[in-house]
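Both of the next two complexes hold subunit A, though its partner changes from subunit B to subunit C.
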Partner chain A sequence: MALTPLEMAAPDVTQLPDQEKEAEIAGRSPLQIALARLRSDKIAMVCSAIVLIFVLIAIFAPLIAKLFGVEVRAGDPSSDTDIFNFPVIGPPDHGFTWKAPLGLAPNTGDDNLAEWLYGARTSLGIATVSTAVSTLIGITIGLVAGFSRGWLDRVISFIIDTFLALPLLLIALALAPIITLRFADQPTTLKYAQVIALTSVLIFFGWMQLARLIRGEVLSLREREFVQAARVMGVPTRLILFKELLPNMMAPIIVSISLGLPFFVTAEAGFSYLGIGIVGVPSWGQTVNKAVEYFDTYPLYLYAPVVGIFLLVVALNLLGDAIRDAFDPKTRR
Partner chain B sequence: MTESEVAPASSAAGQAPESYESAEHQSAAPPRFDRHAEAILSVTDLKKYFPVKSSGLVRRTIGHVQAVDGVSFEVRKGSALGLVGESGCGKSTTGRLITRLYDPTAGSMMFQGKDLATLSHKAMTPMRKEVQMIFQDPYSSLNPRHTVGTIVGTPLRVHNVVPDKQVLGRVRELLEVVGLNPEHYNRYPNEFSGGQRQRIGIARALALQPKLLVADEPVSALDVSIQAQVVNLLRDVQQEFNIAFLFIAHDLAVVRHFCPEIAVMYLGKIVEIGDRESVYDHAHHPYTQALLSASPDVKQAAIGGRRERIRLEGDVPSPINPPSGCRFRTRCWLAQDICAKQEPPLLQIGKSHKVACHFASELNQTPPRPVTTGLLGVDDQGNHDAGSTPTTLSTNPGYDDEWYDLKSKSFVKA
Partner chain C sequence: MFGYIVRRLIAGLLVIIAVSMVVFAIFFYGPNDPALAYCPESRCTPQRLDNLRHNLGLDQPAPKQYAEYMSGYVHGRHIASGGISIDCDWPCMGVSFKYRVNVFDYLWKRVPATFSVAIGGAICFLTIGLFSGIFAARRRGTTADKAIVSTSLFINAIPYYLLALLAYLYLVQSLSIFPQTGYFNPLDEGPMKFIGGMLLPWVMIGISYSTQYARFSRGAMVDALNEDYVRTARAKGLAERIIVRRHALRAAIVPVVTIFGLDFAYLLAGTIFTEKIFGIQGLGLAGLDAVTRTDLPIISATVMMGAAAIVLANIVVDILYSVIDPRVRLT
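The block that comes next holds the complex of A and B.
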């Protein structure tokens, strides 16, 4: 029997939209709704692209450096700099050269591009580790404080307040010479000790805000009936905290992460600029520190790390704002 | 009860398309109360005092909220006890004590030979399978970040009721039992209506096949038209799985068609408890009478012709500082001196009927003298009477075979 195309198509046409609707209604969790809103936000998309590029640079820094034929910390002051300690090739005195696309550093003759690429790696690496660890600490402490009303909650709240009152800058200032002195005779250890010390300081001062936020969320959520229901069912406290409560706090956590990242990038650069951060490993802040005095004669030296910091921080901040808006049901657009 | 008595009930309860007594339920005999049936839960002198703390650094206890202050009752196998009272009288607290969301201050809760009141939280875990709860607010009782499958499957996983692979199949069965599409297991709660959500909550409570279900105002957050459907669903599952219910409600209309036995609470105490006919047709406590008169559902002619609506004056007093003697006296139109001086005992006055009032009587038949003086060894004003000795009264949470007859003022046997 021959069917006309029309007859065959008819049931499909009525069926399809129905199925699509079903599929759309099924699995739309609040997280997915937020992601969908984020996807339609142009600024957020541009910013994530920029952040993604920086992440790729950080991950593939050695590869990119090899591509350009540059190496980190490979300068030789005697052969690469002239009697005024300025580089013998590239800017500022000579024209552009592929041998050193961003020029060489005065005094040391280190390649600026290589330093910049590895600086991105340091910057994002430290920021990511600090954010991840301080987020984990903040979540755990906030959950425990919120769920254990009574003396434990009061002790933890007191510790949070104390930490918030401590001056981050002073502690870092005090810590830097101690670390430097302690590992002065072991340069390789010193390099890592500085990175670890800086990361630790940042983590140390980075977890309180989130802990406080989470504690407040737990206090309001724990009175909700679904938590009571979980307890009536005999769900262990650990599972109540992590399976019932935590998924309801994804919004504040994601917002906190997206605002924490740019803060840590800035802080790392700032500390390194002040000379209390890391010295042994390439870092934008440290380059800025060295380049400031050459700004009149060799501006490119300063621009490279500043543009890096600026782009990354602005992109991260705008992205963080967009994420916060996407998760906030009150800012429907 | 007859058809004609039910008809006005549904019209009074609103434009309910389905009354509490829908067609399919009329064939089944309305649940009867059997005072000799075995009790599954036996609560004796249960108390919960919440400490009131001072503010400031050193937080001293400056008082106690006497949320539940010595309640005793029994819930019989496969039966239902309705717990009724105004807001703040301690109904939810009682329910949460039984499910051990709160630890009791004093008292015992015997369930299958174990005292739920003294079990450690660890020892309580296996008991949780037997005692489950349905919550009031369908919008807050389901985790918004979990799918229906996860919500209903959680109790199965926690207690390892079925192997992991069979959880989903079991969840679908449960969804079908409560009248939901079993294929909706991967949806989130926000895609369901209030009534549907309450059904999900019921499915979750049924997952462990409990013997006792505490239902804390399970329908008061729902539309009147939906209320009847959910109550009917509860009755179906009760009959199908032989579950005993502690059904909490704030008015007498909802429990009327569900519970063969009713307890009325006021300020942390049970003031009247008895089988349905005793409480609805022969209420002896002024507070019950006031609640009944405010309830549109209850037939008007039962208690001596047309009844006026009794308006209670004032608010419920604070449970931090409850009135002396009878707690209802600040709002009671019968209150006399004795009510302030002596606390009325919860006295069994019929086969299955207890009441706590010095002037216990049906409406408009108030006795001239308190009925409790002889038992308490006091005179009519409530002062101690040197000439008489107080009688030791039974503390049985159930009903005795011997009770105090109000007419003859003496104990009679069944």
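The block that comes next holds the complex of A and C.
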């Protein structure tokens, strides 16, 4: 049943001004469409503003700390705390003071604001590095597995499955005391060793999902005409992978990055809360762990890191969900 | 089917052996000297350290130590250390550095607490998640649906441990709305005390984990309700209740089972947060405790048990999958 020209309503071209018509049929890449969708999403905009503020705090932590006149890890238990190990200035006993806007920590006398600012730095720093490296690993392994038929693909798939079966939390648990034992007599090295160990564990367990996704995409894309055409023209495999296939997989990669960041922030804070993450460097999770026992008498000590984790993770997560929806052509708008 | 199960079990065994090697390597090559971890506060004379190394077999080459360690899983071992000797019956996972007891016995006593948390929590999150998901799917597009979707999205964005910690601090510690949490043996202290101690952990796991299930089951249910066979069922005049329960739910439950299997395994391996926050003496807390005491045998045993739980759950899920979804054939 073909349509005859008479059955089709003739579009009334003359009524549309030329410019508007051009704008309407202007080609837009999927990325542009997704960005336009994101821009009209109010929750996404609010969340990205919050994330941006945290990023700025993390970058300029030393500067902001100086502005408030506070210093990180500079507490002196003998002069800053009383006989009950509570701080001698500021909350909970002495009211607000500009010398320590968020108060001092019991026992150590460290400044809470400085600790919080540098905690943001640790949190976002570890999350960013972990996301970046695990994304790169995931892309590379996914591309290789998808493009190489046969045994290499099977070996990589087995490795991916094995890694998915490993409990991340338990491996972190196993690694923590080892790092401490190894560098027990070198406190400075221990500090960095913990950060590096935690980041590596997160990277180690962060790449499989994306690798699997990319592998699947490559499997379906590599049979497409444009890839075959490139192969016929004699384009080297490396270029086919990175110039032809990779640009077609930007959507899953961006979505995986945006959902990976909050996962790593949550994991870092969670591990540090359990005491198997970072000890030597300020971290929100570690402050939460120390502050829980003071909740009854000194709730502010706990609130600062809790609010930090809460705002950052919720904003990142909701932003990630919004990005996923924006890139998904199936979502109705 | 039988061949499939056997093959999956062998593959699972390979994964567990791989985990054991990783764990062993971490413990063997990681610390400068494992014997130091055995010494209380590192106050041992060099001669005593030498003795320890010899007794613990730490002066042996790595493959031999690994073989010795693994042999404990097959049959019992006799471990002599620091003047005392301990019979480590099968399945031997080593002897705790600090408590000088068989690690398996020590951990086995804590298994009921962890299982109580995981099973009770799983029942809670499955119920909450499935019911709200199905409820939302049947009222798609209404305010109730939107409220459920956005609430679950928001709760899903909050880290579980923050939610649980704040709930504990406010509802138990400050306001005493819930009874003191913890594991109380239902046989010794009565079932009411047991349920009281577990109630808040269950509720928190239920709320936090259910969001994913609400979303999944809502999506699957919406798809299922749009299928032709549901229209046919409606056309022949079946009650909506029966259509939802018998026809649509059967199709919608398949993706839920998949994520449930994995979640339950991770829940078993990852009750650490729940146990630490609510003070439940389970496997996770034993592992954490061992970290602060650098009790390496307990840590390695906890990791092995967790890995075994995840591998087993994966196999069970795949088998269940073929039972629920007749389209899946195991070969």
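Keep in mind that, in the parts below, the second predicted complex is superposed on the first by the 305 of 333 C-alpha atoms of A that agree within 3 Å, B and C clash if a C-alpha of one lies under 4 Å from a C-alpha of the other, contacts with A are read in each partner's own complex, and residues count from 1 in each chain.
Please note the rule applied: a contact is a pair of C-beta atoms (placed from the backbone, for glycine too) under 8 Å apart; a residue touches a chain by one contact, two chains touch by 3 or more.
Here the structure is a predicted model, which is why all the values come from computation and not from measurement.
Overlaying the two complexes via subunit A leaves subunit B and subunit C side by side, clear of any clash.
In the superposition on chain A, A:170 contacts subunit C only, with no contact to subunit B. In the superposition on chain A, contact is made by A:181 with subunit C only, not with subunit B. In the superposition on chain A, A:235 contacts subunit B only, with no contact to subunit C. Of the two partner chains, neither subunit B nor subunit C is touched by A:67. In the superposition on chain A, A:244 makes contact with subunit B only, while subunit C stays out of contact range. By the touch criterion defined above, A:83 reaches neither subunit B nor subunit C.
If you count the residues of subunit A touched by subunit B and by subunit C, you find the higher number for C. Fitting both structures onto chain A leaves subunit B and subunit C with a minimum C-alpha separation of 7 Å. According to the touch criterion, subunit A has no shared surface contacted by subunit B in one complex and subunit C in the other.
Touching subunit A in their complex are the following residues of subunit B: 96, 99, 101, 124-125, 128-129, 131-133, 135-137, 140-146, 154-155, 158-159, 186-188, 191, 201, 204, 208. Subunit C makes touch with subunit A in their complex at residues 15, 18-19, 22-23, 26-27, 30-32, 36-37, 42, 153-154, 156-159, 161-162, 165-166, 169, 173-174, 266, 269-270, 272-273, 276, 287-288, 290-292, 294, 296, 299-300, 302-303, 306-307, 310-311, 314.
Subunit A makes touch with subunit C in their complex at residues 162, 165-167, 169-171, 173-182, 184, 262, 266, 269-270, 273-276, 288, 292, 295-296, 302, 306, 309-310, 313-314, 317-318, 321. Those residues of subunit A that touch subunit B in the complex are listed here as 25-31, 224-226, 228-236, 239, 244, 247-248, 250.
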